Amino acid sequence: MRIRIRHETTYRYAEPPRTAVQHLRLSPRNHDGQHVVDWRIDVDRDCRLVQSEDAFGNTLHRFSVDGPIESISTVVEGEVTTFDMTGVVSGAVERFPPILYMRETPLTTPSAAIGDFARETTSKESGTLAKLHALLGAIHESLTFDAAATHSATTAAECFEHRKGVCQDFSHLFIACARGIGAPARYVSGYFLSSDGDDQVAGHAWAEAYVEDLGWVGFDPTHGVAPQENHVRVAVALDYLGAAPIRGAHSGGAGETLDVKVRVARAAAFSQSQSQSQSQ
Amino acid sequence: MLSRTADNLYWLARYMERADFLARAIQASRRLAALPKAYGGEETEWESVLLSSGAALAFETSGRPVDEANVIEFLTFAPENPGSIRNCLEQARANARAVRTALTIEMWESINDAYLEMRALESRGVVPCAQELARFLEVIKQTSLTYDGGAYRTMLRNDAYWFSRVGLFIERADNTARLLDVKYHVLLPEKEIVGGSLDYFQWSAILRAVSAHTAYHWVYRTSMKPWLVADLLILRPEMPRSLISCYESIVRNLDNLARAHGRQGSSQRHARGVYGKLEKLNMESVFQGGLHEFVQSFITENNRLAALISEQYLF
Amino acid sequence: MDSRITQFDELAGADGRTRAPYRKLSQWLAETPPELLASRREQAELLFRRIGITFAVYGAQEATERLIPFDILPRILARSEWATLEKGLIQRVAALNAFLADIYGAGEILRAGIVPADLVYRNPAYCPDMAGRRVPYDIYVHIAGVDIVRTDDQGFFVLEDNARTPSGVSYMLENREVMMRLFPELFALHRVAPIENYPDELLATLRSVAPPRANGDPTIVLMTPGQYNSAFYEHSFLADKLGVELVEGRDLFVRDDVVYMRTTEGPRRVDVIYRRIDDDFLDPLCFRPDSALGVAGLMGAYQAGNVTLANAVGAGAADDKAMYTYMPDIIRFYLGEAPLLQNVPTFRCREAEALTYVLDHLDELVVKEVNGSGGYGMLVGPHAAKAQIEEFRAKLKAHPQNFIAQPTLALSTCPIAMANGVAPRHVDLRPFVLQGANGARVVPGGLTRVAMTEKSLVVNSSQGGGTKDTWVIDDAWVGEEPMGQA
């Protein structure tokens, strides 16, 4: 499937900072399940955009700008062709052995309750893959999607306590459970083509877990499915922090507000919807 | 030098100077308040100390009644008064500690000793008696002298020294100006004086607050005249707490900085401007334009200089 | 004393005859009236307080600053003893560096099966961001503090490697200064190897690892978490001795992968950062996002090779207490040499057999958390209450991989001066090893830490331990007079 993506992020400041630095993980890479046809990044400030690869093999862009900075806007846009691999991720850049993805992080440390939940959910299943699928279903069932309930620093344990969250929280919980039953797991940030094709306020996130003999397998606990053709994989890490689309810091200034517009559509439909929105 | 280091040195000097001024102001007011009412000893004296030390609002918030014991405690030891002597000393020490190595051992010891003494006094958990209080105010004045002397005698004459001097003189100018602002009504020329010579003890209290009681007589060789008191505190270059003397020092130290860095900026220009104006001034024109107005505008100009310095050097 | 432990006193020796290095001190002590010792103790206290050497103790609200107890009697090592120790320390640090270069590079030791891969990759101190990156000259540990203990006349044991930001060197230096002021007569009696060149050696080490574009004249800074850090005094002391700026995160900024500091004359480029701040707080864009102590973009500049950090990020992966147990193998693997310094025999509780033994002998062993530091997460079996032993038993059963256990060592003792005379107390030693592109060096001596309470084995300053000056003296008695005559 050919998917076109446009993702615009704008930071505005009531009181302009003196300097700002940002790290962008906004560029997808190829693997057997996806091919990047074209992709570009624009930052609306004069700066040098330095490209490198981060620890996990993600493409990382860094820049620093001098103030006073009233706003910084970053736009990525491009086209990716995806193929249904029934969730199995092969041919991706791997920088570490799977065991590294057993590391606990503050966002994914399992509470006692999560440990119990993971054990109970998987006790009847045999085999890692079956256990992971049981977790996928159980997490999808037991959590309610609620954008107001959590924030970017919410931990898996906090989310599990309230049984509410967004895709980030669903994924963290899945990761905590998977690691808890001995399966290396990681966080994936990317894009999701929804059937309604509406503009979105954020990218998407899901998880991958390692299964002997199969390799890395994707699990999207928010939708309760394995990622297929409509998932575009951008970055992986131990948790959200390592894969966050944008991490930034600024010195001086105050009153930061964030505005995100994400459009994910079939390539054929994309230009049409764009022209419509322009004519409005 | 690191901007933060300069910032610490600058504020260290300001806090030390402020603590010293507070101690002197309290002592002078105590003396005045102890006089019989007929000699000008009035309860309002404590209100004016609160005003001149910039603590009036904080005191009002504390809800305490204005009386001698309350005001003195508030200005000296109250942790909730950000401008109390104890907090000045604590701030001074925190700044000193952060730049410990930019100070000479003598300077550090003078601050640290006073701090330890204060902590010892506080650790007993009881309100200090009048005698202890008097002693503590003396310690603060002593510390300020030792610190100042230590700086003068032991510091290398480099940017560390100049920043710390600039801080000291900006604070001193501010304190003198505030004192004048609170007391301007007793310093107006003779014909406007309502209360007559009853203000004599007010004038002398002002002089004591800036330790210029003796200096006055040496400079003017005449009995106390209010406009001369104002003249002494504003325009006499030989008086170390006069506004003009402070600015003469500020200009000199900022020039030293500019020379060492090979470039000057808006703070040098502004300081010279203020100094130039003071040089051309005489008391007649000050009174014509209004003493209160003059002092107000000076305080604004002085604050502006502080802001410019921070912009130019301290980020 | 505990009956199971045969005490080795460094002055009295095993047989009660004064050991040679202590002979002159012992004689001097015998001739010195107690009042003199008492007055020197007071002087020492006064000196330290005036200089402002204080140590912030976590959790103690009232006394956020207090003095580390200082004992006025020197701990003495003979040069021959020191020579062995020095060689062993340099060997140890060479192995630590080779190990780190390997686990962040090719990973040969993991493939060879000498160190289990999960112990490396799941170690919280292992830094994924460092994998596949080179650091200048492959040096990760520029400054190491290796904790050494002895139990008898013969060898030394390594108790712990500190490869992150070891502290205490300022106390080593200040202790010597104070001692020279207090006891000129003792220095006249002994030929004590000087240590005052440590700051110069440190500076040379830091200069040697600067990025090439500093052109031999690097700007070096010392980075501190700030004045509320427990070791702030040391940071400011060292910056002063090194003649470098003491910076906090807010004094630095990164533009286009270059680090600058804010000065009164504008931004100034920084080449080497001797950082005394933990990895986690270095860069909010890579590590803890809530860190206000670090510098945003620092890791980018580091990875671009525009700034050198000492010690390297991720160096802690080598000083973990679990990794410690593999150090003899690590030394053999990289250097092809036998270890010159022994490890304390250690049970890895992650191994089932070891765990069984440990659980059966909790009242005899010292149990340590592999990632704990400062003596907080520690059980000293022979001195522990029953409840505490049971508490550790539960912890051990739940997470055996988090613990190691060691036999209770009969740590050597040294005399300390007390109000009512002289008494032996347990000591350890932290020498500081420097490793630069210009070679490795150790100033003779180190920081002797002493448990001030009788029988206590905990020497950490955070737990009330004190310090002593450590002397390495020439073996002048050899051939002068027969041993043991005094």
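Letters A, B and C mark the chains as written, and numbering starts fresh at 1 in each.
Heads up, the rule we're going with is that a residue touches a chain if its C-beta (ideal position, glycine included) is under 8 Å from a C-beta of that chain, and two chains touch if they have at least 3 such contacts.
In this text the structure is predicted, and so the values were computed from the model without any measurement.
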- Message: By mean C-alpha position, what chain is farthest away from chain C?
- Response: B
- Identify the chain pair joined by the greatest number of C-beta pairs in contact. A-C
- Task: Name the most central chain, where centre means the mean of Cα atoms.
- Result: C
- Note on the structure: Distance in whole angstrom between the CA centres of chain B and chain C is 48
- chain A-chain C separation of Cα centroids, rounded to whole Å: 42
- Message: How many angstrom lie between the centres of chain A and chain B, each centre taken as the mean Cα position?
- Response: 58
- Where chain C touches two or more other chains at once, by residue number: 250
- Message: If I count partner chains per residue in chain B, which residues reach a count of at least 2?
- Response: 315
- Hey, what residues on chain A touch two or more of the other chains? none
- Task: Would you mind writing out the residues of chain C in touch with chain B in their complex?
- Result: 50-52, 226-227, 232-233, 236-237, 239-240, 245-248, 250-251, 261-265
- Message: Quick check: in the complex, which residue numbers of chain B touch chain C?
- Response: 1-6, 94, 97-98, 100-101, 105, 108-109, 112, 159, 163, 257, 261, 313-315
- Task: Would you mind writing out the residues of chain C in touch with chain A in their complex?
- Result: 117-118, 121-122, 124, 128-132, 250, 253-257, 284-286, 289-290, 296-297, 300, 303-304
- Query: What residues on chain A touch chain C, complex-wise?
  - Reply: 19, 21, 23, 48, 50, 52, 54-56, 62, 64, 66, 95-97, 99-100, 102-103, 153, 238, 241, 247-251
